[in-house]
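Following are the structures in question.
Here chain A shows up in two complexes: once beside chain B, once beside chain C.
And then the complex of A and B:
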């Protein structure tokens, strides 16, 4: 009975914490705008197959490059496909891949960082040198190498992005661990004879969780940027999948005439990235973490 | 006399320690470069298909393939190839490019120059602009100038390079017809011929760079403005602008050096994308070309070059901070 009560309290407190953070985030205009854009895009990603007026891959040469009209709201592209349909469906792949990618990045980056911070010594030195080396390869070169190495399917892109964007989280998690490691409660946990695993789970993770989560939210927007840059360069998802980066790159050659086919995906992608960024900023502020002095590595 | 002796001894230890610190930083950078070279070598080694299968295409079997392996030296074990490759790289020779059949140094030379022109123009415009914007937004925090500039920087910072570049081409080059939208010059063009072509690419890169740096300068200045000694200066009645220039800025800008360096290095990836959008004959387009052509020696050379740019930018920033900040010296000694 006692134990049940305690766990009930714990559950409630987590729920309250989440809703409290959300309310704090939404109470500022920038956070509110960011959250609403993000929610809008997530809803759109789930609902767009039912909302789409046309088939996203239906090619019709007679409808090439139609200007926006009441029938084709955003016009048609060079293959006669409806731009509105492709725009509202264009975020599905990007959102899914980058969301799961950042989850993976959070997990491995956070755990490795905490481990390095806790263990220290030679292992820490070696791991940090390797992380530094990976940091000094420009992301675009590394991503292109990985993609041309393993192909561009979803099963490859998610772990590849997750791996590559997790290396920065290692640093953040390690630094956050260093901050708590000398505190009294860790020393006393050691003195009580707790194992490293138990210390990580019970003492360190609750204390570094916020910093890592904020970093993960930020990574999400960079990963989205990286993923759509890959698509734009022709190394991301393969056609005819509707994807904003790919749409922009395809319609770019004809944009002196058919600007609508470029503008629509640009608005889609920019709004999503700005939404995620504003949300991540508001999230950081709500948790009391100042990220603006950190470099994007 | 005795005091002078002690002072000289102290100075000597400080100089010695600085010297060792610098050596240590350089060594760490070299270790990083070594790991990068290992990573790229292993990465390109496990890439499916090699130079010979790409080069010979459908005739890649039997005697022709063997001969090709022999000609390019791919029949030697991988670790021996790595050693000889690394030995040549240290001497500044990256070997032969596979697709163009010419020395990589000759391919890289003009490309490096063109990219350098682009990047340095962006940096020369970006850093002063970022300083001014960052200081303005920090001093007028939460007032109208801050709100407008901050909103603009958020947009400039978050929108991907290829989108801002495409929009610039669409608006400036196509709709207003002010500047050429796409760079159509040969790779070995002279700088004076290149300059009118690079205005749009420079704007595209400088925009995102400035936005990132302005935000960091802003929060750094705000932090210093809230510190005790600035409050003290205000209470003491130091004139506002004197206080800003004498007490706030030197303390706020010093920690920003490292962050600025990291930002510049991080934006190398963005330079690649921007160059592709503008068809600019720099390193970025070479990255894409060599990866699609499976030109592995060129990819390896590019990885090493880009990584050494990153490492040296960070090294310079470290040394600058070390030299400019008197506190860091004593801090490092205690460590």
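And then the complex of A and C:
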């Protein structure tokens, strides 16, 4: 093979790599749909304050439970607030909190998992048993406890959700690390005398990064559902901030005659979760992690 | 006219690339397999030899499809058949023996049950007859006490025994054609020789036709009547085994045979430049053009046809094969190694080194009591001189890699010490070694796919030792990397490439460059060539030798391949079960092997020459544990003396040729006995 052009083998910049992955993801129908839904929701979260036709907290008793009309597209709720306005704004808090929550989960779960996988032995045993113990606690109970003790502010919710959803990532990161740890390039780095930190940063992270990112994306959709459940139970966002979980909870008693007030937030929530899931799936396929194929013969 | 059992006609197999181009793996293959003959298909990785063998049983790997042509067996085309129809042929008429029997036997079923399953499927025998047949089959593949073997699980057998079971299973349906895909590749030298001998016996005994696929010309030479040489999806040479091995008339085969290290020849073999073209690479003209030293303009423009030569026995795909026929059969001479660099300064001393994988109990640790009296590696005493290449050889489980790891500090020694530069004892704990000691000893691994981080570019890979040991950065770092790449004969264009964009040989060169980046005194080479193709292997060996001469580096070279060791080493240490058997200058050890184990090992080496048959002196037994006392080789020794060998550790003796051996029999007597054989 002739190699005369340096340009053929230039190290690709991170932006180039990201755009390459995005293009691969969008080239399959499921990935395209997932990405579109996700992008739509993110744009909506940014732009909804400017797009909203009404004030989300304007109460008007005369307009209680209006059916959808040309004026109020999705109707109004039991306090006479516009459901369309509240639906397009209802994802903002959930999306922000869970996004940062999953980042925290990724960071601590990923790093702890890699560390445990690398050092092994007794430290690994102890840490993993503690993680197992936490995994056995029903998260919603623990969350309720934390929230009732510390309040429902964003500063409490993000780290609390991040903590509870990071436990699963520890296991994934540790397993991914075990896959590479036996490879000779790690042995070689060890024999050269690199420190553990340098081995983690240079040798392990580039090889487990993809697996952890995909896991993080999956956790994001779970966390979104979890956060909405908290809101539904009244422990998430405090009214009058619009939130899908809260909206469903408020309107569920009136479902039989004012179905619009429930359906709109349900569609909002489920489409976002489906969007994230499809995206995470396509992401895994684009990175080549998900190699599910038929068995030969 | 002999009966033809399988006819392959104009067969092309390929796949569609993502762009929609048709890329062929096999190009227009036409050949016949006759009844009762053994055909060897040889080629380097990626030459399409396995694809051809699989097509012969009507199977095309997933993702591939038949583009053209047919495989005719019993006057029907296998490649058009439905799975139902193929079921009736596979196993009954055509059987396959895979490369790794350990993986192809179901781990949770007993051997007898698995053979019984094959019998049920392919024969109409009743239960009693099947039971009889099972022991008959196991007897045929020469497994000791078939009744007990049948009751065992696959993991309770050694690799060689598993392979024998696979052969037995393949014979269950009395097939007319037996396909063997690298059946001995994962086995030890001695086991390999035994399995090949068994296959030869079965071919004669049952009259089954065999197709033997291998990259190893040594193994092919022992079994085949006819050889097909594949290159880049084409047959380049086909003919009677003896003609092809003795006088290859295709330049590729000629070069391939020259690049194989041989026991009978000292020095390094010639290497072939370049590498096989990738499938789908635009080829106009001969596919071997880039690497051929007989190439002319004509070869670049037109691709040669497979033509008959002489008495219609041999076919060759070359315009200039006549040049090779006319060429006088010169005596092969290898590149002489420069041995002047060896200074008599000792650089590394291993004194009474023992290594154990057994964990010590906490109580024993506190009391400082040694519990494991039978460690994996025991009593290793080797003094290594500056600038020499010392090889550790032995079969799998001989502890050669274990010793290497403990020198590198990756494994703790249990007893004894390793002294560097005559005065400094190297710490047992890697973390306690100082930076200059770490720098002084570098490792090169067997498989470059695993030893290079797939997510780093070549530049990043080579930068690591330079940054760590010399703190280089910026322009200086870059210049150093370019210099290193040039030293291993890769250009600076390789800097931005990822390992997956390199061929196997190029990857190993990068690994070599990384080891030399540290300016080490000692390089530990762990089976560095065994993952490479033969022609590439020769090039890497030559490179290592050249770098050694330039820098005066000391190599500790671990290999199971005795011919490679012969080519590169100054001194050889033969290990069995973690104990030293023989150590001495390699020319003497190879010429006058004294220790019975060395004799067994050397006897089993396969040469690509039909006239040199392996000598099978010892039984094919695999021991998984060294004996508690006495000589380590007592279990397999062909010159076993009895109680003395069982109970007493043999003393060291030094022969006239400079070999030191550990044996109860007088070294002079041993030499006489072996010459007598």
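A few points about this structure:
Throughout what follows, the second predicted complex is superposed on the first by the 278 of 297 C-alpha atoms of A that agree within 3 Å, B and C clash if a C-alpha of one lies under 4 Å from a C-alpha of the other, contacts with A are read in each partner's own complex, and residues count from 1 in each chain.
Everything below uses one rule, namely that a contact is a pair of C-beta atoms (placed from the backbone, for glycine too) under 8 Å apart; a residue touches a chain by one contact, two chains touch by 3 or more.
On a predicted model such as this, the values are computed, not experimentally measured, just so you know.
When the two structures are aligned on the shared chain, A:57 is found in touch with neither chain B nor chain C. By the touch criterion stated above, A:193 is placed in contact with chain C alone, chain B being left untouched. More chain A residues lie in contact with B than with the other chain of the pair chain B and chain C.
In the superposition on chain A, A:203 makes contact with chain C only, not with chain B.
By the touch criterion defined above, A:274 reaches chain B but does not reach chain C. Shared-chain residue A:148: touches chain B; no touch with chain C. In the superposed model, A:185 lies in contact with chain C only, and not with chain B.
Looking at the shared chain after the overlay, A:17 reaches neither chain B nor chain C. The residues of chain A shared by its contacts with chain B and with chain C are 293-294, 296-297. By the touch rule above, chain C contacts chain A in their complex via residues 59, 61-62, 83, 275, 277-278, 281, 408-410, 430, 433, 435, 438-439, 441-443, 445-447, 450-457, 459, 464-465, 468, 491, 493-497, 501, 514, 518. Taken in their complex, chain B has these residues touching chain A: 28, 31-33, 35-36, 39-40, 43-44, 46-48, 154-155, 157-163, 166-167, 169-170, 174, 212, 215-216, 218-220, 223, 255, 258-263, 265-266, 268-270, 272-273, 276-277, 287-288, 291-292, 294, 299, 302-303, 306-307, 310-311, 314.
Within the complex formed with chain C, the chain A residues making contact are 1, 3-6, 9-11, 183-185, 187-194, 202-203, 206-207, 293-294, 296-297.
Partner chain B is touched in their complex by these residues of chain A: 129-130, 132-141, 144-146, 148-149, 221, 225-226, 228-229, 232-233, 245, 248-249, 252, 255-256, 259, 262, 266, 269-270, 273-274, 277-278, 290, 292-297.
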